[in-house]
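Pasting a structure here, questions to come.
For clarity, chains are labelled A, B, C and D in written order, and residue numbers in each chain start from 1.
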Amino acid sequence: MKIGFIGLGNMGQPIARNLIDAGHQLTVYNRTFSVVEKFASQYKAQVAKSPEAAAAEAEVLITMLANDGAVEAVISGTEEMRGALYGLNKGALHVSMSTISPVLSKKLAKIHAEVGQEYIAAPVFGRPEAAEAAQLWVVAAGKSEQIERCLTLFEAIGQGTFKLGEDPESANVVKLAGNFLIASMLESLGEAFALVKKSGIPPEEFLEIVNAVFKSPIYANYGTIIAHENYETAKFKLRLGLKDIKLVMEAAEEVNVPLPLASLIRDHFLSAIAKGQGDIDWSGLGRVNAENAGL
Amino acid sequence: MKIGFIGLGNMGQPIARNLIDAGHQLTVYNRTFSVVEKFASQYKAQVAKSPEAAAAEAEVLITMLANDGAVEAVISGTEEMRGALYGLNKGALHVSMSTISPVLSKKLAKIHAEVGQEYIAAPVFGRPEAAEAAQLWVVAAGKSEQIERCLTLFEAIGQGTFKLGEDPESANVVKLAGNFLIASMLESLGEAFALVKKSGIPPEEFLEIVNAVFKSPIYANYGTIIAHENYETAKFKLRLGLKDIKLVMEAAEEVNVPLPLASLIRDHFLSAIAKGQGDIDWSGLGRVNAENAGL
Amino acid sequence: MKIGFIGLGNMGQPIARNLIDAGHQLTVYNRTFSVVEKFASQYKAQVAKSPEAAAAEAEVLITMLANDGAVEAVISGTEEMRGALYGLNKGALHVSMSTISPVLSKKLAKIHAEVGQEYIAAPVFGRPEAAEAAQLWVVAAGKSEQIERCLTLFEAIGQGTFKLGEDPESANVVKLAGNFLIASMLESLGEAFALVKKSGIPPEEFLEIVNAVFKSPIYANYGTIIAHENYETAKFKLRLGLKDIKLVMEAAEEVNVPLPLASLIRDHFLSAIAKGQGDIDWSGLGRVNAENAGL
Amino acid sequence: MKIGFIGLGNMGQPIARNLIDAGHQLTVYNRTFSVVEKFASQYKAQVAKSPEAAAAEAEVLITMLANDGAVEAVISGTEEMRGALYGLNKGALHVSMSTISPVLSKKLAKIHAEVGQEYIAAPVFGRPEAAEAAQLWVVAAGKSEQIERCLTLFEAIGQGTFKLGEDPESANVVKLAGNFLIASMLESLGEAFALVKKSGIPPEEFLEIVNAVFKSPIYANYGTIIAHENYETAKFKLRLGLKDIKLVMEAAEEVNVPLPLASLIRDHFLSAIAKGQGDIDWSGLGRVNAENAGL
């Protein structure tokens, strides 16, 4: 399949590679052009100098970007560059994989429809390692036939695809709700470790028990970071955690749902950033709770 | 081994049975005497008419009761009955398996020591089904040689034992911290489902995704209850959840650790009880959050 | 002084009248034109058919509107109407009295400066009754000489003016912080009444004591509403309360300040709106807390 | 009137003096005997060497102590000393002025009744300065005729008395609810100052505006402390604030009322204590919020 691919970050690169490995033809674009050149020199991909060019020949245009602003910029364009909206053919499909707001997803569905283009949301669960191993989970929502069109693509990058009905923004809500569950695990882990440490119990021993009882890769992974206070080598930066929590709070506000636990996490992220900790791992919630406990 | 066993509730009965099956001699006591008689008629156990009697011949006295008050009553006694403290021989060992406060655990260690008896705390993780299957996790703390003395007992009831050092109350802190992690998962799940439902997404579909991504038995188990709003057949009553959350908050207060997420959960439990929902399952946090969202 | 005046709402009308009474010449604009006509027929004011026209002859242009969107619309214009920015003369001054975000205030300062116009922020404290009685408090920030220029105007509408330095947005921060203090009093009053009522104490008797001890007009005013559950005749709608709380949270987020009490109030406002209570008085926080307590 | 008076602390001394000045005969007791001796040498009072002795001749026994434990000790006695319960005549009245739990107040009513003694609760609002000036507010609850019996006493120490019905514990609930309102004002003030300071606005200028707009002595008093970060000269220690917040939370839990704002304040007090700030003024909530904001 001819695929335009925009966004060669931590997640985008392994996804793009897996698509190439599966035999698809990719035309890739990234804001920093050197990244595109390097990628195209290593893998069999066409280079695009603008989002519009990446979209021009594509049956399917995939975007995998950091936030709402980046997605809006590459689709609608900016003063400096024309957006993919102006390159994509009628009937061609934009597959939005980024973690964006349901509101933007709805808007993208609308503006693509107005010019005869198709749109689905297909955010993914999984870290860069999972992307690398083609073990992502894809949550897709939009017209059924458009999702069908992409199933072989999703198979090339993930271990399973969930279909969620006709409204693309549903997939974005589910992605945000999932990230909220992870952040909640970090907050509770952070509080539990503060209690355990201050009670004189070695954190490694507590972690061992948690791992045995809960058998949760997320507790295991982040528990290790928190137990060793090893926040500096961030896998996912705390300030990006704040972005996600704000997105889920806004999505919930759209439908008048209070999420008091999200509010608590937001305030703890803000406090960490206020203390200059925005670039540590988002499990740095452990540090916030430790400091609040006088540790 | 000669074992006195006090507390034949949901957890106590299967534990006692597994000890009998492993060849130990049990003398059992329960506040409601008919429970003792029925148990003794079905399994090979001696009947005790008081905590003192249950303790009289025991090398090891195990208590598995609902709360601090119940444990204090059977150990120190009440106006109506003499406590196990007066029956237990010098050198005999009290193994406290209940979910109790670290403060009480410390006090028990002290009063047993004053009369030449031994004490360890060995609370367990696992639900009645796990107790049935001898698949509990035991978290033991106290004098090393006393824990050693019980290892064959713990093997008979669980899949593994963790040793936590000389202070018995450490085991109680860890047990409470673990229950706090579970309650936190319920709260976050409850909030996430409120968001998802109000966004028009079928809760079963969300649950399916959560199960795939998180692979957590706890999310799977309670997620099913919350998705189907099936709170009435309580596995663990909400008012017992409040008891546990209060215990963890008190344990944290002892060492000056704020647990804002525990505070949030406490307030939600209280609200449920205020609305007459104290006897539903503690995943009823899902109902609290649904109602707060106007569902 | 020649004054353009935009926004004839609950607050705008009495302010405009007091300026007219003080001898100033007003040209008034309001989105709903019939309001303008009615006002001009009752008081000595010129009618403007657009924000641009209201600004055209003005030495000072005053805006008193409901929110950021309304202020941006009248200043920068919309597709349907030209904004005041295009009417205001060089050297003329825009005095923004609305409760808006510091971010917008900063932006207004910038766009006015770019075309040689002046800008100060001068939000006010006080309810419509206080505006009527020329008893508002004015909090003004911006260039000192521009504030001086308006002192006679502020005297005509208020009982005092506070000057806050050169950055206009400081005045907006202070206004939002003040509204946050009021909302906090409502939340705490709502919780206290829930406790008192459920303890069987007549709420009127509690209110009497609160009034004696605290001598606070705000407790007295809203306490009466909460004690009598008289939320339906809204003085200030709950959904506007949510708007203000969100503004203060955003202003705080700009400088990385967590406001956990504001988060709590936001969640309670959201819950009320979810239950169809967005149009009751914002002291409806009393109802939220009463319901959470099972009342 | 013959009065036994127990508790010569910051509040007790000025109250006792005002009663003496009004012509009553006092027999005073305090745990630290030197305080009693010094007081009796300065004012016309009899010295008692035990609570029992203080109560022996009294028509009315007043207690004004720091907490539940202290009140229980002087009434029921300890191993070292006999309690007032054993000294008080039949028909004599215990007036409990301390800030204690409603649960204890109910219990005191019961144990006095059992031996034919009378009991009312009459906690007071006002700081030591107000006690000095006989400007306290008395909130009295219990049998109407017993309250009547004390009205001249209350007039001698306060500016007004509120009667709250037959259940003594009602007065304690109201006292705790009032202290909760004050603590809430401290929390909101602390958060507001963090926002204002971090926005570059001089805190004194913000305070000036708050004082003008709110006209609240509590904002004025504590706002000055927070603006100048002058927490070290504690008027009311933060750890006593925690005690009061816990009492109000327990009283609310008795009737199943969540107080999420009290939970928030409790967690902030705990955090301050964890950082070694238990002895600063309870407006130290300002410091907690400042630190959480990176100040």
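Some notes on this structure:
Please note the rule applied: a contact is a pair of C-beta atoms (placed from the backbone, for glycine too) under 8 Å apart; a residue touches a chain by one contact, two chains touch by 3 or more.
These figures come from a predicted structure and were not determined experimentally.
Most remote from chain B, judged by the distance between CA-atom centroids, is C. Averaged C-alpha coordinates give centres for chain B and chain C that are 54 Å from one another. Centre to centre, using the average C-alpha position, chain C and chain D are separated by 39 Å. Each of residues 252, 256-260, 264, 267, 271, 274, 292-294 in chain A touches at least two other chains. Contact topology of the protein chains: fully connected, every pair of chains touching. Residues 252-253, 256-260, 263-264, 266-268, 270-271, 273-274 of chain D touch chain B in their complex.
Interface of chain D with chain A (complex): residues 267, 271, 274-276, 292-294.
The touching residues of chain B, when paired with chain A in their complex, are 102, 125, 137, 139, 160, 162, 164-165, 167, 169-170, 173-174, 177-178, 180-181, 184-185, 187-189, 191-192, 194-196, 198-201, 205-206, 208-210, 212-219, 248, 251-252, 255-262, 264, 292-294.
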